[in-house]
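Okay, handing you the structure first.
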Amino acid sequence: MNDGNQDPSTRDCARLLMSCQDGPGIVASVTAFLHARGANIIQADQNTTDPLGGEFVQRIVFQMPGLLDRLPALEREFAGEVAERFGLRFQVYPAEIPKRVALFVSKIDHCLLDLLWRWRRGELPIDIVQVISNHPDLEKAVAGFDVPYVHIPVTKASKADAEQQQIELLRGRVDLVVLARYMQVLSSDFLARVGTPAINIHHSFLPAFAGAGPYAQAKERGVKLVGATAHYVTEDLDEGPIIEQDVARISHRETVREITRRGADIERVVLARAVTWHCDDRVLLNGNTTIVF
Amino acid sequence: MNDGNQDPSTRDCARLLMSCQDGPGIVASVTAFLHARGANIIQADQNTTDPLGGEFVQRIVFQMPGLLDRLPALEREFAGEVAERFGLRFQVYPAEIPKRVALFVSKIDHCLLDLLWRWRRGELPIDIVQVISNHPDLEKAVAGFDVPYVHIPVTKASKADAEQQQIELLRGRVDLVVLARYMQVLSSDFLARVGTPAINIHHSFLPAFAGAGPYAQAKERGVKLVGATAHYVTEDLDEGPIIEQDVARISHRETVREITRRGADIERVVLARAVTWHCDDRVLLNGNTTIVF
Amino acid sequence: MNDGNQDPSTRDCARLLMSCQDGPGIVASVTAFLHARGANIIQADQNTTDPLGGEFVQRIVFQMPGLLDRLPALEREFAGEVAERFGLRFQVYPAEIPKRVALFVSKIDHCLLDLLWRWRRGELPIDIVQVISNHPDLEKAVAGFDVPYVHIPVTKASKADAEQQQIELLRGRVDLVVLARYMQVLSSDFLARVGTPAINIHHSFLPAFAGAGPYAQAKERGVKLVGATAHYVTEDLDEGPIIEQDVARISHRETVREITRRGADIERVVLARAVTWHCDDRVLLNGNTTIVF
Amino acid sequence: MNDGNQDPSTRDCARLLMSCQDGPGIVASVTAFLHARGANIIQADQNTTDPLGGEFVQRIVFQMPGLLDRLPALEREFAGEVAERFGLRFQVYPAEIPKRVALFVSKIDHCLLDLLWRWRRGELPIDIVQVISNHPDLEKAVAGFDVPYVHIPVTKASKADAEQQQIELLRGRVDLVVLARYMQVLSSDFLARVGTPAINIHHSFLPAFAGAGPYAQAKERGVKLVGATAHYVTEDLDEGPIIEQDVARISHRETVREITRRGADIERVVLARAVTWHCDDRVLLNGNTTIVF
């Protein structure tokens, strides 16, 4: 638990994410509902995925005195009085409860350490509660951050057992799994049972160079920019909804080793942005793509 | 008049820009007002400039059958029923009426031609009704675009007369003046009398290198990036509210001439973005800064 | 012929592009050879593709009085005295002779007009001698630039004939073919017979979204950046050596139409850079990749 | 000492930085000199600051068996046989001897930790031998990196004494001083006596927003991008030769606190690049600007 992350401006605040088939009167109903309960709308961002018959999507941040106590009733009433009428799917997240996050890593440290460091200095609206690795290598580097580091080796034979151990550590204790350069594929069974979203960082500008060794592939193909992609993990490797991407320029002078270093700088900021946005409840799934408010 | 610019999706649409001291109930009142008149909110973006006691700012795009005929009454009623209560400043712009734009230019063509070309291919939501230059040089280049080109020379002695001629050409006939590399300073008298906003493109990343010869200044100082800034014109040269900026990387290898070419690519896109956003009613003044929705 | 393109600083200048298996003494031999003939080296850039047993690559710009007259002898002597000894492949290009360029286009104008406009204002070190289109649409837009526009329709049945006409127009009269959004695939027979390199602009960040409709593919996949790629044309569509790439950020708010507009700004600068670099003799082929000095 | 930084490819390699009034024969003489001693040129980059009567500048990386032992004689001979003739200023740096670096910091950790972390993972071609701070706050964060942390408080009254202590710690023991967010101005006396270059990171895109509180200044002025600048420290605060700069986009939605976080990501990469380039002997001073090869 990192008290520095307690942002005073999140007190009594909630984020409401909504989507449904577009139609008239939705915004008026939602805002009237909130206003009637003394909520003040601090920020709102609304859009349709297509002006003609698209999907209505909206994110509202509101402040309401006594939010945490009133939340269960609020959700129930919103479902009955507003959501049902418009076929609205919605979720409300209280801003003052940081999401609990588990970090998975193998041997490469830059994404892991960057998240830990941002968290320690109060940049990330999360609690990092667990680091899980299939290697012991990074235990010492993590030690200074007061987060338990568990080494769970994974081989072909032990994979099912290893995932079972992971599930036992995580289920009900975390809200998000982040693969910070974890070089193992999670089984669809794991994804179904862990009960939280998982975000992965892939070291290429997807869909280019999916799979292994993307920087070597990039050098081989002679591209002039390399990139990184943070995406939700789905059963299909490197095919999940993309949350954020960025790129850096390279030249013929750089070896694969130098490109890898250059790319690492992009990977860590792209992953940090994706985790921040997810945990600020800014990301809404829309089919296999994301809407980032 | 360029029929290609008539975007079907703007039919019956209006953009409502609002700002006031933040407080509860504003959004609910606005949306209830619109809903009661059968308006459908297509897009909305709301924010406060500061969570504690800041300014409420919002842009709403709505569609309402028969908008153009109903607009005068709508504005009157909105003023009486909503705006007055919250001290709300607001403006409503019908999206299907493109803004009429005059372009000012001296001898350098890239910003001018880029705007004309984007307009001709239907990229800009405007009507370009006049080009005014203090030089005759670009008349031929403009000829193909079917826009009147007026040459009004400006000397120290003739400046007041020249501005008078400009005012007579423009007043009541345009909604926006764009200085597309116009190398004369407009007097505060002109700005007051022309009755429209004016947007200028300055060829530096302001506030760095205000004034003359910014690329030479940039070379002299040895910066590693050069930029361009589109801003509203105010009495204070290069000090007006910034709408958009961008930069490009340069190296020691480039001469001032090459930097100037490199910068030109940035200037034209920065100016095109600023003009587009202004004419899409996305820009709200906030003191000496802008909010770009 | 555009006299404005005659850059005085190119007088008596040549660019020497070289590559061979790396080894000691190459640079010393080359520079001694040039010095013995009174040449002054203005710029040089040398590299190996791999420090251990890689390829030596170098670009030298030198100035030598009477260059154009002396060039044939110079090449002969360089081949005999230097190149043969090191197995050096080389080419010398006199900088004061601009490359003759043919532009191919279909109906979309932004890349074509951008090249024509840059050429007219003296930005491109080329002569544009011909525009060829499989459609008549852009004839009027090209008219102001004093370049012949030839409409050669292409259907499945007429393709061989059409290419024959193109070859007759071009062979021996141009040094470079640029496909500025030309929506036809050139046959390998054409590429072999035209006798010049060809540069294409593809509207995606290759290798992502090769083939048709890349912006729609990008929207579908939900990427956060779209890009453009300029590459040499080879028999394998969208697989040729990449010269330049760049990207622009998009969001969920943008439709395919808006993404297409955004991408157009990237396409034209990427293509202009690639053409400039090729015509400045800065691009060396290295397998299926390029070295851009 | 970090053995991981020993890059095998630097063995027997040296970097030669040269500048002088341009003229014929310089490159030929330099390369003949190196070739005669069995040196192999691995990389070379040469330029003139101005084609007409500018400054010749060149960086050569060469490999020569037994370099370290032969270096003193090589320098002497090069001075006598080549440099004197052309008025050439030069320096030779053996690549296998990493520069010894001292880091100065106050309370803000991101630049400091980023350099330490890059160094630990073998990204930086340096040895970090000392951290000096005017505050005790970051001692614990540095502890894991096995670098001595010395707390030397600085007040107006104690400044001269403090600088004397710093000098005693550093003189003859370091090759570079890096101000990684050190909130004290170094006196010109210190700069003269420490005998090494010093690199500072300033958290703005200089020359915009020099002095204190640049992010607050940026917010106040309403710029659309914020930046960071790494520069050599001179007597004139924020006026030294710029080595590297970069920027990040911000919007009206971000508070000064959020802009500060966003900027921190830029600061650390800009400083890391500047330190890397300096320590790779890629940076040549040219008046008050730098040439970065």
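Brief remarks on what is shown
Every chain is named by a letter (A, B, C and D) in the order it is written, and numbering of its residues begins at 1.
What we mean here is this: a residue touches a chain if its C-beta (ideal position, glycine included) is under 8 Å from a C-beta of that chain, and two chains touch if they have at least 3 such contacts.
Quick caveat: nothing in here was measured; it's all calculated off a predicted structure.
The interface holding more C-beta pairs in contact, when B-C is weighed against C-D, is C-D. Its C-alpha atoms superposed on chain D, chain A is turned by 180 degrees; the angle is given in steps of 5. By the residue-number overlap criterion, the interface of chain B with chain D counts as same, with over half of its numbers used by both chains. Chain C and chain D have Cα centroids separated by 37 Å. The distance from the centre of chain B to the centre of chain D, each centre being the mean of the chain's C-alpha atoms, comes to 42 Å. For chain B, the set of residues that touch two or more other chains comprises 47.
The touching residues of chain D, when paired with chain C in their complex, are 9, 23-28, 31-32, 34-35, 38-48, 51-52, 58. Chain C meets chain A in the complex at residues 47, 49-50, 205-209, 220-225, 227, 241-242, 244-247, 251-253, 255, 286, 288-292. On chain B, the positions that touch chain C within their shared complex are 109-110, 113, 117, 121, 123, 141, 143-144, 261, 265, 269.
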